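Here subunit A shows up in two complexes: once beside subunit B, once beside subunit C.
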Partner chain A sequence: MSAAADTLPTEIRQAEPLLSRTRRRQLKGFAFVSPATLLLLLIYIVPLITLVALSLTDYRLGAMATQFIGLDNFTNAFSDPVFRRAFTNTLLYVAIVIPFGVGIALLVATLIHSRIRTRSFYEVVYFLPVTSTLVAMATVWQFILHPRLGPVNAALKSLGFGEFAFLSDPVLIIPTLAVIGVWQIVGFNTILFLAGLSAIPRDLYDAAHVDGATRPLDRFLTVTWPMLGPTVMFVAVTTSITAFKVFETVAVLTRGRYGSEVLLYSLYLEGFEYFQMGYAAALTLIFLAFVLFLSIGQALHLDRRVHY
Partner chain B sequence: MSDKTGFLAPSTYSRLLPHAVLMTGALFMLLPFYWMLLTSIRAPAEIFNVSLWPIPQSFHALENYAAATQTVPLFRFMLNGVIVCLGILVVQLLVAIPAAYALAKLPFPGAKLFFSLVIGALCVPMQVLALPLFIGLAWADLLNTYFALMAPFLLSVFAIFLFRQTFKSYPDEIIQAARLDGMSEMAICWRLVVPSALPAIAAFAVFSIVAHWNDLYWPMIVISDMRLAPPPLGMLFFADAESGTNYGALMAGAAVLTSPLVICFLLARRQFIEGITMTGVK
Partner chain C sequence: MAQSVKLSGITKTYAAHTVLNDVSLDIQPGEFLTLVGASGCGKSTLLRIIAGLEEADRGTISIGERDVSHLDPQKRDVAMVFQSYALYPHMTVGENIATPLRMSRLSTCARWPLVGMATPGRREALASIGKDVRAVATQLQIEALLGRKPAQLSGGQRQRVALARAMVRRPAAFLMDEPLSNLDAKLRVHMRTELTELHRQLGATFIYVTHDQVEAMTMSDRIALMADGNILQLGTPDELYHRPASLRVAQFIGSPTINCLEAIVTNGVVQLIGVPVANLHEAEHRSVTVAVRPEALRLHAEPGDVTLQATAHRLEHHGADCFLLAMQHDQERMLHARLSPAEASGVAIDQPIRLHFRPAGAHFFAADGLRIEPPFDESAAQAITQRQVGMSA
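Here is the complex of A and B:
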């Protein structure tokens, strides 16, 4: 590939010395993006077209005949109680993870920001769950939350509570998974907030102090919160996308049992366990519609942030 | 909580309260790591003796870690993780760097279209492409291979996006001078521009390695052969094989599989935090 790119322009240079410079650079440009373009076609564009086509059929892996069935997969999805449960579970999960994942991180970041000697210690501790392998840590959580062998139930029992089946009681499963989700994401959001906090000019706090905002809460409400607004939005959107894609904890802890299906897990089951490719393709497009809705805002913001 | 009723001065409160809050949160963050390491050195019989702060009666670390490596090929999982992560990273850099350089410094017709496709692809999560890519790999009879593990990630549109931003700030005068000196565009890209962008490349490398070391979704789809499993899938096989009988070994396995990234993180704290968060899209 690169050999062709190097030889071609020299011939043009000899033939057309004046015109050639821009032409040559353009050809180089094409050559430089051609591997990326090829992969973009193979990994994104062709699969996306295939996905849309599949979603309109009843294709099953290994099936003899495949039929065009229009939008039946989509109407089936919305009348399927399992999919509807997966959908509401995912929304419930997101609805818990966003306020706690963002709120706790904001609190932790404002507290860490004013620490000097202990700052890096807290940064490491809170960031540790982000770098650790979630599947391995989910196994640990399973053990910690074990009804008889886990320390959490032991502590609750010593406080006089009964035994909680965090991972098999249908009412508790999604909130429990959400707590683990918050545990994993708080450190990530804290770092984003710390970056936002250090971008706030010190003068603003001095000015607020002169104007009478002397207590920490006043300073937070008059300076930090308004200045941090865009960061809070960005973190909330990122958190919602991450939470929307919850999969690992479900795969390890419940496998979708006891009514704990979530979108990605039922997608995985339909597509790669039951091989209902057409139906799974429709579920994928529904999933994509939600993620796109969330990430368009994120991409716009990212573009602005990097330019600026 | 009120300043008046307490016996400490208000200033002492405002100094201690943040630490109290942060330490409480820190204990919650560390609880799984503490419990994992503690269980991995306890004897199986003691596990049934539940208390919050148990002191191990006998030191059982060797037995547990040995049992873990005998039940599943833990080191094979990690080797697979290294092969897959490095393979992905190398191809990602080889493909994305020239493309980003062309977008930043080599105006060509269609550059706008190409860049908008890159931005569009940024919004498409990998899980959306999994189904058609799986069908393609199944047709090509490539399931259960290292190639299948790497294939969807060989192009990182995020790397193109990030490097384009970085390369743009490289001074045009130097590039013009190098062109007049007869340097090829390839040489300008790799020998002048890339070295100046090493911090961004390093940050991306951290991001890419952490993401693919920890990924479960795609390996779960294309790998059923345990010998090819990367760490998270290996952990899942292990949890299935154990099914709750030997928690000591299971926790030892979890500790082994999660240790490489945690150790790297503790050694290169700044680079890790920057790599994972500056490249904020997951």
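Here is the complex of A and C:
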């Protein structure tokens, strides 16, 4: 090889390629990364920058003149009782949906998992709410929870309880919406947990059985719960994000009346009903920051206790 | 301590498929018994039934003097080592080994997270568990690994941890389900020795499942060879090799596989390729299989030998031994012969070759596969020779 190179004419041997080897590798790398980068820019980064820019103005849709007003939108938001109520409502909603949405799904999944013949039947039953459109289902819920016509109140009345205005009593309204939220998400979480359960090697249960973990609770604590760690983390994060985005049920069932404002609904009102684009942008940023903070915190916290 | 394990009439059926068919087995205290057989022969199911992970349809299991047929695994006082080791991946090695003790020495309440902390006597129980875990770890030389997770261990180390978890309870019997099959070849041979050594140290009853006849032969006190849910033969490795009860046993045990040739029987004389090889007492056999171990085939003839004409096909060098594959002429069977390297050096490939064996060193099996014992005393040999003379005259 070197002998052949020595016999080559000097001009050819010294002729450098147009670009050096490292440079070409770099360019190739950039070429491979560029489509994803471009998409990321178009879909996330540019809109986010626009959003930040908008949130610092008093821009209204169709307005001729727009002013830079600094952080006024944010201070307004936090001093606005409606927004603060939307904020606490959302937190309450999330606080109910996460534990029940995850807990019930885990319970259902462990129960279904040991069924052999009926497993697919239950899978379908629990997954149905996920496949249905929530807007249409909300109407059904409206009927079910109706103070006078609904079967829930009829049942409660027959048991000697009074009549409950689930969708107009300010105390009951957010928990009621949360119950619908749980109903909607349990099926999806169940399927995720079932996938997680199927991935647990049977041998581990056998080993636990021989080691003396005979009771279901011991088996759950020794094998199922720790082995489901990664799944629980994933389900908890997706559930919290879904819960934060609660919108349809509020839009259809209450339209934010009786103190049932939630973050996304007030954002929608400000932006698309009142056309306060600047203010809506500020709310969106607050919403985003909150979801981001919670999911990162949750991921980091759970990550430490989860083995992979 | 070491206890006997007695199985009687164990039957297990899945849907229409009979996995175990009326299996009975007496395992002595402190014995190393191997269940060996091809996959699907029911050996693993039998082990799981002994462990209590599955319930037999019929039959009883006793450990020591106790009938344990319907007891939970823990109450049976057996420990199991799994093929996959089945270590809890989220626990450290120490926690893994401690699990069986936690289950037996801590009350249900004390095992609860948080709530258990305040249970009386928990501290003392944990201290005694820790002491026992360290003792077992020292015995298996894995003290240094106690703080690690199973994922950070090599296959051999995981194997030791699985053993430690089984040993820590001092069970009446150890059940092992192909524990070495996930190790590489060299480590497997090493662990074979270690396991036999461990068995001697502990003096406990070992019931060992494998599909590898070499493992079965090298480690066991006795072997139960299984096929189709039945025990074909139960005996020492020596008995199984030298006196196989049936053709299937003869073919399963030994590597390379035993050489089988078809022979016809006329007037009680077994004739292989027209040559009388043995005299049978019972005249009702029509055809028999003559089976010859590879080491029983020789290149040089001795008086009274049966000779097979063959073509040398290939030589396999194994260092101390050399296997000759030769195509036997009349029945077109590939024969395996174990030769010394010196003998093998004289073999010319693709050339005719003569292989000799002593009839008394061969095994005879009837058409139903069962062993026949032809008489091989002097008088019988003479009778054959006389008849041979008579025929040629």
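The criterion applied here is as follows: the second predicted complex is superposed on the first by the 246 of 308 C-alpha atoms of A that agree within 3 Å, B and C clash if a C-alpha of one lies under 4 Å from a C-alpha of the other, contacts with A are read in each partner's own complex, and residues count from 1 in each chain.
Here is the rule we use: a residue touches a chain if its C-beta (ideal position, glycine included) is under 8 Å from a C-beta of that chain, and two chains touch if they have at least 3 such contacts.
Here the structure is a predicted model, which is why all the values come from computation and not from measurement.
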Check whether A:R25 is in contact with subunit B, with subunit C, with both or with neither, and answer first, second, both or neither.
first
In the overlay, answer first, second, both or neither for which of subunit B and subunit C A:P35 touches.
first
Given the touch rule stated above, what does A:L221 touch, subunit B (first), subunit C (second), both, or neither?
second
According to the stated criteria, A:A251 is in contact with first (subunit B), second (subunit C), both, or neither; which is it?
first
Looking at A:T284, would you say it contacts subunit B, subunit C, both, or neither? Reply first, second, both or neither.
first
Check whether A:P201 is in contact with subunit B, with subunit C, with both or with neither, and answer first, second, both or neither.
second
Which partner does A:G101 reach: the first (subunit B), the second (subunit C), both, or neither?
neither
Residue contacts on subunit A - larger count, subunit B or subunit C
B
May I ask you to decide whether A:G181 touches subunit B, subunit C, both, or neither, giving the answer as first, second, both or neither?
neither
Counting contacts the way the document defines them, which residues of subunit A are shared by the two interfaces, the one with subunit B and the one with subunit C?
307
Any idea which subunit A residues touch subunit B in the complex?
2, 5-6, 25-30, 32-33, 35-37, 39-40, 43-48, 50-51, 54, 61, 104, 107-108, 111-112, 114-115, 118, 120, 122-137, 139-144, 148-151, 154-155, 183, 186-188, 191-192, 195, 216, 234, 238, 241-242, 245, 247-248, 251-252, 264, 267-268, 271-272, 277, 280-281, 284, 287-288, 291-292, 295-296, 298-299, 302-303, 306-307
Touching subunit C in the complex: which residues of subunit A?
201, 203-204, 206-215, 218, 221-223, 226-227, 229, 307
Quick one: which bits of subunit B touch subunit A in the complex? Just the residue numbers, please.
14, 18-19, 21-22, 25-26, 28-33, 35-36, 39, 47-48, 50-52, 94-96, 98-99, 101-103, 106-111, 114, 117-119, 121-125, 127-136, 138, 151-152, 154-155, 157, 160, 165, 184-186, 189, 210, 213-214, 216-217, 220-221, 231-233, 235-236, 239, 247, 250-251, 253-255, 257-258, 261-262, 264-266, 269, 272-273, 276-277, 280-282
Residues of subunit C touching subunit A in their complex?
48, 51-53, 72-74, 78-80, 82-84, 86-91, 99-100, 103-104, 108, 111-113, 149, 151, 165
